[in-house]
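The following blocks contain the structures, represented as structure tokens.
In what comes next, subunit A is part of two complexes: it sits with subunit B in the first one and with subunit C in the second one.
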Partner chain A sequence: MLYSDIGKPIKKVDNDIKLSGKAKYAADYNISEMLYARTVRSSCSRGRIKSIKIPALPEEYFVITAADVPGKNRIKFLTDDWPFLAEDKINYYGEAILLLVGADRALLKKLADEVKIVYEEIPAIFTIEEALNNVKKPIYGTDNKFADYKYEKGDVKTAFAKAATIVEEKYSTGYQKQAYLENQSMIAVPGKAGKITIYGSMQCPYYVKNALIQAIGIDSSKIQVVQTVTGGAFGGKEDYPSLLAGHAAFAALKTQKPVAIFYDREEDTAYTPRRHPAEIIFKTALDGENNILGVKADVKLDGGAYAGISEVVLQRSIYNICGVYSIANLQITGAVIATNTVPNGAFRGFGAPQSIFAIEMHMESLARKAGVSAIDYKMRYMAKQGDTTATDGVFYDEIKLPEMLAKVDQISDYSKKKKMYGEQPQFHKGIGISLFLHGCGFTGSGEQDIIKAKLKLCKKKNSQRVEIFAANVDMGQGLQTTFRKIAAKALAIPLENIDFPYPDTDKVPDSGPTVASRSIMIVGRLLQKAAEKLKQRWHEDNDIEIIQDYEAPARIKWDGGKSLGDAYPAYAWGVNVVETKVDPLTYEVTVTGIWTVFDVGQPIDERIIEGQIQGGVVQGLGYAGMEVMTNDSKGHSRQNNLTNYTIPTAMDFASIKNCLVESSYEDGPYGAKGAGELTLLGAAPAYAAAVGQAMRIHIDRLPITAEYILDEVIKHG
Partner chain B sequence: MVKSFMPKTLAEALKICDEHDVCPIAGGTDLMVRNHQSAGILPTFTKDMLFIKNIDELTVLEKKDMHLIIGANITLNRLLNWENTPQILHLALQEMAAPAIRNMGTIAGNICNASPAGDTLPPLYALDAIVCLKSIAGERELPIREFILGPGKTALKENELLTAIKIPIGDNNINFYKKAAMRKAAAISKVSIAMTAKKEKDKIVNIAIAIGAVGPTVVRLAEAEDMFIKNNENTGKVLPDIYDVYDRQIKPIDDIRSTAKYRKQVAMNLLHYVYEKCIK
Partner chain C sequence: MADISFILNGKNVTIDADATKRLLDVLREDMGFTGPKEGCGEGECGACSVLMDHELVSSCLVPVGNAAGHEIITIEGFSEEKRYEKLANAFAEAGAVQCGFCTPGMILAAEALLNKIPHPTEMQIRQAISGNLCRCTGYNMIIEAIQMAADTGDGLW
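Moving on to the complex of A and B:
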């Protein structure tokens, strides 16, 4: 099959194995002599371990503690502070202390229940406020900040000096759990001469490999990481698999047997990273006509007990704090705060959903103050091609927001309904609109300075088949299909002649992690370039190997130290409209309409993009109104399964009507940009604006539960 | 290890109940979830299990004399599709759980689980449902409000089986059901209300209102209902007193799903709606 139009949908190449049940997930591996590891966790949220009493273990049952970590007992992140297994210090309820390993999982559970750990408790810190008020001993450094950022643009001092009024508002957002179908799963298999092979559900095989090199203190050649079919990830399998692979590897090294760790839903929900709760404060200087002179914003993310990758999450929060608006004078501060709770991590949107919600609601509020419609007020500040970004970079490409707004208004009747619902408060109906962008790929200079992606393409002599060697994974988002389409089109050969095995670090170069909506735009572009080179050499009568390195687009300038310049090479854009009806008796929200318009550049497969939109918008609506996750007084998650952590079902929302605008990005494959994360960002603010109109309240937090709506209704009389 | 019994007749089952300390299981949609373990570990039941699915006598579903008889094996889905299911119960079943659970779960199980948030309970309270209990020694019948004693607690004796539910056939012509929950399917109720009433010549001559998830058991207040019916010529006068009765006796709690404040407010909102709008 040849492609003239790459966007035209094809059947995903893994549909059959997934629908038939043939796909082999980690838990389907049946390796002879395989043992299981069960994690024994802390029941104390902060303290020191005074003693551990392990029950008598039967033969062929083992205990793995921090003392069994051959190398450095810290997971390799930007800051190496998170131990694989606790040494003496405990920083959160549920922290892994030791593993029990053996063949019978029921017996392991019984033994684990008999482990007695005594703690010396230290008063724990559970909130951002407590972490900053200096009453309790800091968890991290002297100020409890894992990261602390500040940047400015323009002249914020003069702007505030000239202000007629200054509007100050605070927004807060809650946890969100990735709730992938397949829980975290990892298997380590010991090989010859100290080699360890990892099979598991993951987004970033090389993160896992590099983490193990450090943790085992071993040569790179001794660690092989193979991704297994992965049943969803949403960021949740970016950071945590490094920890899990460590556990499995330590156990495999000690027992010299294959060791599997398969989390169940309870363990996965309660103890693995979630989206960072955020507190965001805007102080906006307005002139006499309520025009924005300047904005001061402060973002605080609850990082949990260890730094992990939170600093990078914060970067995305603070660099996207202005949403789609070009604001001349800015002063932005941001910090990741340490608390004695489960460390937070990556989740689709990566710090941006919190900021986009806050700026969109702030703009709603400013519009009300100015006495104009939200959309008119937003349009005053909407960025155009050539305008500067929050970090004083440049929006190089055309911004199609005006066209997208016109389109969404046409399909949703937004303007008419907004007016109508405003005049009919008795019906408790509302409609909200959100405008948003997503910086595609890594923040800042990560691609050229840290990742340095490399992709390989091979064709054997006398063969018509081409094999893609890349470390990027299919986790359900369709990369197995889209990468093949890109290669097939560039080579003008049938898709069936392209091989793209699941990544195995012994075979594939490091083309970087499967994160940050980068796989298509960055790695897909390398693939296209490599395929075009291979096509030129197709006639050669020998094996051909093409290695394609990443080259940063020439126009990108970034100074990370100053947070100055182009934080992203390109932006994808979205406009969402959500219509709601609120039951005035129960304060329950019904979503009666969803309309979306996206600019993701050229879709590599329209149906796959449609899938991203359906999933992203619904996940965003879950974040907005449904997904409540809280800790009890010991910092222990009150939600631990999919009955009490409620994610949306197919019954919950109206169907989504979507349009894509025609667009092309010069540095993406066939014009494609990132799409995966963008689709989640706009749902929450559009939903919040709709509920706000329906109930005549101002929404300043997520999730918007019925209980919260009741409180606001009482407050507003 | 626990034992499993799979009798084919009720007589056999009752004998097993008499001789062993067993836990009856029909659809298992509560019991399997409550006792499930991590992957690779069998569910851990603490008692021997009595599987009642093969007992034909418990699979009756019929209209008999003045009652509907619903056997203990009748699934939620079967009731959802039965033409004689009272409308108020039907309304609750439509929103209950999800198809897979409705295909396995039974109404008898929902009763014996005795959760204050059990979805079929408010309609059953409002319908004056009766549970039929049998043991080797004989049989007895109890109104559902006397059978359910508290969260997870029932009046079922160790050697007894709940064999059927009897619902008096009524001719109520107004029904209202509302469940507030986190989502529209597969959700546990935060608060729910079931109302069934009969209107004759513009007058309400019969009304039953049951509220779920606002106390240890479903709340149905005969005192309030009687006040309303006695004053059905001029209900406006007594409504404040009626609400006062509810206000005093609805005492919800905070839990993982919701707050006492929300439950109380929503229950009162719904009561106002029911008394002032629904039956107008």
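Moving on to the complex of A and C:
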């Protein structure tokens, strides 16, 4: 198949194996003599281990503890503070202490329950407030902050000095669990001469490889990481697989047998990273006509017990705190706070959903104060091409928000309904709109300074086939298909002649992690460039190998120390409208309509993009109203399965009507930008604005439960 | 342990197993059919769905003893059918497959529905797959696929 129009949908290359049940996920591997490992976890939130009593184990059953970690017992992240297995200190309920390894999974579970651990408890810290009030001993450093950021733009001091009024509001958001259908799964297979091969469900094969090099203290050539068909990830398989692969590898090294760890839903739900809860405060200086003079904002993320990758999550929160609005005078502070709870991590949106919710609701509130409609107020500050970003960088490309707003109004009848529902409070109906953006790719200079992506393309002598060597994974988002499409178009050869095996670090160069909506825009561009070079050399009568390195677009300028400049190379945009009806007796919310318009540049496959939008919006609606996760008084998750942590079913939301605007980004493959995360960002604020109108309340919290609506209704009289 | 006989994907099978062993484990471990997946182990997600006498069941909740004398069809068996082909094509056409972990269960949920109601309404489709969780698609493209199969599947169901 040849493509003149790359966006035209094609049949996904992995449809058949997935539909017929032939696709092999990690738990479907049949490896002879394989053992299983079961994690024994802390039932104490903070303290020291005084003693561990292991029950009598049958023959060929093993215990793995911190003493069995051959190298450094810390997971390799930006800050190496998280042990694979606890040494003596415990920092959260559910922390991994030891592994039991053996052949029978049911027996292992029983034995794990019989392990007796005695702790010396230390008063634990469960909230951001407690972490900052200095009463209890800090968990991290002297101030309990894993990261502490500040940046300024314009002249905030003068703006606030001139203010007629200063509006202060606080927003808070809760946990969200990725809840991929395939739980975390990893297998380690010992090989010859100390080699370890990992097969597992993951987003970032090289993160896993580098974590194991450090944890085992072994040469790079001895660690091979192979991604298996991955049953959803959404960020949840960015950071945690490094820990799991370590556990499996330590057990495999000790037993010299293949060892699998397949989490059950309880472990996965209660003890693996979630989206960070956030507390966001705005102080906005207004003039006499309620125009914004300047904004001070403070973002606090609950990082949980270890730093992990939270600092990078915070960067995305604070750099996107102004949403789509260009504000002249800004002072932004942000911190990740340590608490004795499960460490939080990556989840689609990566710190931005919290900020986008907060800024959108703050703008709603300011509009009400100004006595104008939310959309009119938002349009006053909506960024245009050439305007400055929050970090004083530049919006270099055309911003199509006016066209997108017109389109969404046309398909949803937003303006008419907004007015109508405003005049008919007795029907408890509401409609809300959100405007949002997503910085595509890594934040700041991560791409050129840290990742340094490399992609390889090969053609053998006398062959018409081309093989893509990249570390980026298909986790459901369609990369197996979209990468082949990019290569096939650039080479003008049939898609069937492109090979793109699941990544194996023994074969593929490090093209970086499958995160940050970067795979298509950044690595896809490398692929296009490599394919164009290969096409030029197609006639050569020998093996051809093209290696393509990342080069940052020349226009990008970033000062990481000051957090100033172009935090992202490009932005994708969205406008969402959500319509709701609220039951005035039960406060149950029904979503009666969803309309979305997106600018993701040129789609590499329109149907795949549609799938990202449909799925992302529904995840965002889950975040808005359904998905509740809280801790009990010991910091233990109250939710530990899909019965008490409820994700959307087919019965929960109306269908979504979606449009794309025509757009193209010059540094993306065929004009494509990132799309995966953007799609989740707008649902919660649009839903909140709709519920707010239906019940005449101001929503300042996620998730919006019936109990919360009741409280607010009572508060508003 | 006891001898337990049932029909699996059209063949008579007899296994020597603890009658309380989960049908899911028998299928995956003893029979080598890994199409049914374990997503939650408590009947909430539907990834382990199989057909028992043409009704959709969560195989993680069925003790294999309860399968005795019944007909069990997994995705591996159903994928030999013409009706599978119709559904698979519709799923591909509608873009209903992402990570694929829920997909075999979704296909069997669709088969169980269409077997009873060849021309379902959107609401009937939503209800029929409401016990099968999908975190990737937001369901609408799956619903569209099932509708598409029903619209073009005359005579198959």
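In this text, the second predicted complex is superposed on the first by the 717 of 717 C-alpha atoms of A that agree within 3 Å, B and C clash if a C-alpha of one lies under 4 Å from a C-alpha of the other, contacts with A are read in each partner's own complex, and residues count from 1 in each chain.
In this section, a contact is a pair of C-beta atoms (placed from the backbone, for glycine too) under 8 Å apart; a residue touches a chain by one contact, two chains touch by 3 or more.
What you see is a predicted model; the values in this text were computed from it and never measured.
By the touch criterion stated above, A:A27 is placed in contact with subunit B and with subunit C alike. Using the contact criterion defined above for the overlaid structures, shared-chain residue A:Q639 touches subunit B, although it does not reach subunit C.
With both structures placed on the common chain, the touch criterion links A:I608 to subunit C but leaves subunit B unconnected. Of the two partners, subunit B and subunit C, it is C that touches more residues of subunit A.
After overlaying the two complexes on the shared chain, residue contacts for A:L495 are found with neither subunit B nor subunit C. In the superposition on chain A, A:D16 makes contact with subunit C only, while subunit B stays out of contact range.
In the superposed model, A:V628 lies in contact with subunit B only, and not with subunit C.
Contacts of A:P648 after superposition on the shared chain: both subunit B and subunit C are touched.
Of the two partner chains placed by the overlay, only subunit B lies in contact with A:K109; subunit C stays clear of it. In the superposition on chain A, A:I54 makes contact with neither subunit B nor subunit C. Residues 27, 264, 643, 648-651 of subunit A are contacted both by subunit B in one complex and by subunit C in the other.
Listed in rising order, the residues of subunit A touching subunit B in the complex are 27, 36, 105-106, 109, 262, 264, 266-267, 584-588, 626, 628, 638-639, 643-644, 646, 648-652, 706-707, 710. Partner subunit C is touched in their complex by these residues of subunit A: 9, 11-12, 14-25, 27-28, 30, 178-183, 229-234, 264-265, 475-478, 607-608, 610-611, 614-619, 641-643, 647-651, 653, 655-656. Of all residues in subunit B, only 33, 37-42, 98, 178, 180-188, 190-191, 256-259, 261-262, 265-266, 269-270, 273 touch subunit A in the complex they form. Of all the residues in subunit C, the ones that touch subunit A in their complex are 28, 32-42, 44-45, 47, 74-76, 79, 84, 88, 91-93, 95, 97-104, 107, 125-127, 129-143.
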